[in-house]
Amino acid sequence: MIKQRLIVQKIWFSLLKVAAWVNGLALAVIVYFILSRGWRAVSWGFLTQAPKDSMTAGGILPCIVGTIALCLMTILVALPIGVASAIYLNEYAGHGKFIRFIRLGINNLAGVPSIVFGLFGLAFFCIVLKMGVSIASGGLTLGIMTLPVIIGASEEALKSVPNTYREASLAMGATKWQTIRRVVLPTAFPGIITGSILGISRAAGETAPIMYTGAVFFTPDLPASILDEVMALPYHIYVLATAGTQIEATRHLQYGTALVLIVLIFGMNLSAIIMRSKMRKKLRI
Amino acid sequence: MQRHIKMHTKNLDFFYGDFQALHEISIDFIQHQVTALIGPSGCGKSTYLRCLNRMNDLISRIRIKGEAMLDTQDIYDPSVDVVTLRRRVGMVFQKPNPFPKSIFENIAYGLKVNGVKDKANITAIVEKSLKQAAIWDEVRDRLNESALGLSGGQQQRLCIARALAVGPEVLLMDEPASALDPIATQKIEELITELSSKLTIIIVTHNMQQAARVSDRTAFFYMGKLIEVNDTDTLFTKPKLKQTEDYITGRFG
Amino acid sequence: MAGHLQREIEKIKKQILSLGAMVEDRFQKAIYAIKTEDLQLAQKIIDTDVEVDECEIEVEEECLKILALYQPVATDLRFLVAVIKINNDLERIADYAANIAQRYKTSFNDPNKFKYDYTSMADQAAKMLMMSLDALVRMDVDMAYDVRDMDRDVNIMRNDAYDSMKKDIQLHPQMVGEIINMYLISRHLERIGDHTTNIAEEVIYLIEGEIIRHT
């Protein structure tokens, strides 16, 4: 009888292991696929030049700059509002109807399809607010889309700060805000930053929200202000693969662009993880 | 020796929503004395302690009736600034809870939030508090290291130093040694006796021997009521009420 | 944990009461030996006094063990303190009973027998011993107070014996040794009375929590 339980356990553990390995395997396959088809296209020239000859040659510098600009704008929009909302919801809000309504709103916001965000951004930021297709519009759209992620991560980080810290602070005669500013936020900071970077690295790879609001097919100049339009990496892949005149000829460039995008996103995620572990070390010991 | 009553409550009732957790508690806390609150789990002694520095205000739907005074001031009067009250009535908790900051920053915290800016002043007060808490010699060379690197007993003495830094007149201690090993506990108890010459201390404890060792007066709580309060040596050699006797001899609870 | 302590206390209670019974028995036998002129019995009491000493040590060690291990408080504490002291008083009473037997043995070999009737004094002392132990068993504080009162009578009886024997020495100066020997018995009985009074006072302390010695 005992042996049977051990066998059953072994079977289940093996199945769980397989599931985890499938995960890793999928990632490895994707990376290999793109790497093998794209590495030939990537060169120093590729990264520092603009596209030439109807995009069959040249590089993707404007796309890299554009994606980075959009990311920065997203951070500017989503981080302050997201963290502030999380602080309010977790530290100050009660449990009344109004708060539940707000939380419902946040959850639903997370579920809105990215293309819908794109259309909303087009209608509101580009047309109504007259910002046109620009880093501003694209960044704002991406920002709103990333808001639920940042609020979620920040709330988790704030919740994980032990209540005993808050009690100890208040018991010494600190106000609630002093407690948040001097104890809670610094302690939650690693979690907030990590969650935010992960959220923004997702936003970096989104195409639909920026299609009508910030990114364009082609622009010869690098952006000079936030009201300028830009090219972006994910959109560029889409463009090359569907709308260009030389789809087959530019296949290698598509994979090259995809490779650069993935490297960028992995880079951001990795830096988030490293930053978090460094900050955690400082707080624990 | 004149006995000044530093804090007292008179007929204090406390409600969580509809549930009455404390019934007409009246106790005088004499200055420069240690008073211990004992009783079985859930009898209300921690709730009562938290009434004395209004930490219960953090819980929603609570109600208080009756009188709670610090010197001659009603601490629940609407005009009272809770933040100032908590500076005068400090608290040390059951589990040591130093902030994830350096040792120096931990002690300086209370000073900074209360507006002390002068760096030399802060440094002097930090040293004084660490000395008062009998931990200066152990940490003087590592003030900039994280407080979380200290042992449990050291962390608790750090929390005491932190509470002392703002200069309270009363110190509330909620089972301060229950999470510590016997030697650390002994150090804390010696510290309490030392501090009582300058402060009024009120300590909640599960450990009756500790109450007997450390306190001048003891109050026995049961089911939200105050059963008996008396000088500690009298309470432990000839308690007035059978209920008290049954509890302290371990026949129940 | 309370269960352990209560069991230990019950054990000590039994021990001290059995010691009390042992001592009572010895005292009765000492007086009986004198009444019935039984030298053998008297000798036995003298020889076996060491048994009482051993019991006394056992009880005291048990009490110390409980104090160390359980840190008792309130009535439990007062009980143990009372037991330690009663233990001591009982051992002294047994010693005096042996002393009385010894006095009798000494007088047995006298050519001229001098007799003094200690019956009433011995009965009083025996009654006091019985009552004080009863008061302990039943936690009867009134009985304990009565024992204190009875001690007065014993002291009076000893004074009477003193006066009487003073006269006897003047009348029979050649028997001064025997008379002094007899007188010592009254001293022993009086000391037994004092120790039973101590026992009664311990019982009062145990019940009321007040030390009333010296009042």
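The chains carry the letters A, B and C, assigned in the order they are written, with residues numbered from 1 in each.
Heads up, the rule we're going with is that a contact is a pair of C-beta atoms (placed from the backbone, for glycine too) under 8 Å apart; a residue touches a chain by one contact, two chains touch by 3 or more.
Not measured: the values here are computed from a predicted model.
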At the largest C-alpha centroid distance from chain B we find chain C
Taking the mean of all protein C-alpha atoms as the centre, the chain whose own C-alpha mean lies closest is B
In whole angstrom, the CA-centroid distance of chain B from chain C equals 53
Expressed in whole Å, how far the mean CA point of chain A lies from that of chain C is 94
Whole-Å distance, C-alpha centre of chain A to that of chain B, is 48
Within the complex, chain B is touched by chain C residues 1-2, 5-6, 71-78, 209-210
Within their complex, chain B touches chain A through residues 53, 55, 58, 60, 83-87, 90-91, 93, 95, 97, 99-101, 109-110, 112-114, 146, 148-149, 159, 162-163, 166
The residues of chain A that touch chain B in their complex are 94, 162, 164-165, 167-175, 178, 182-183, 186-187, 282-285
Residue positions on chain B within touch of chain C in the complex are 208-209, 212, 236-239, 245, 248-252
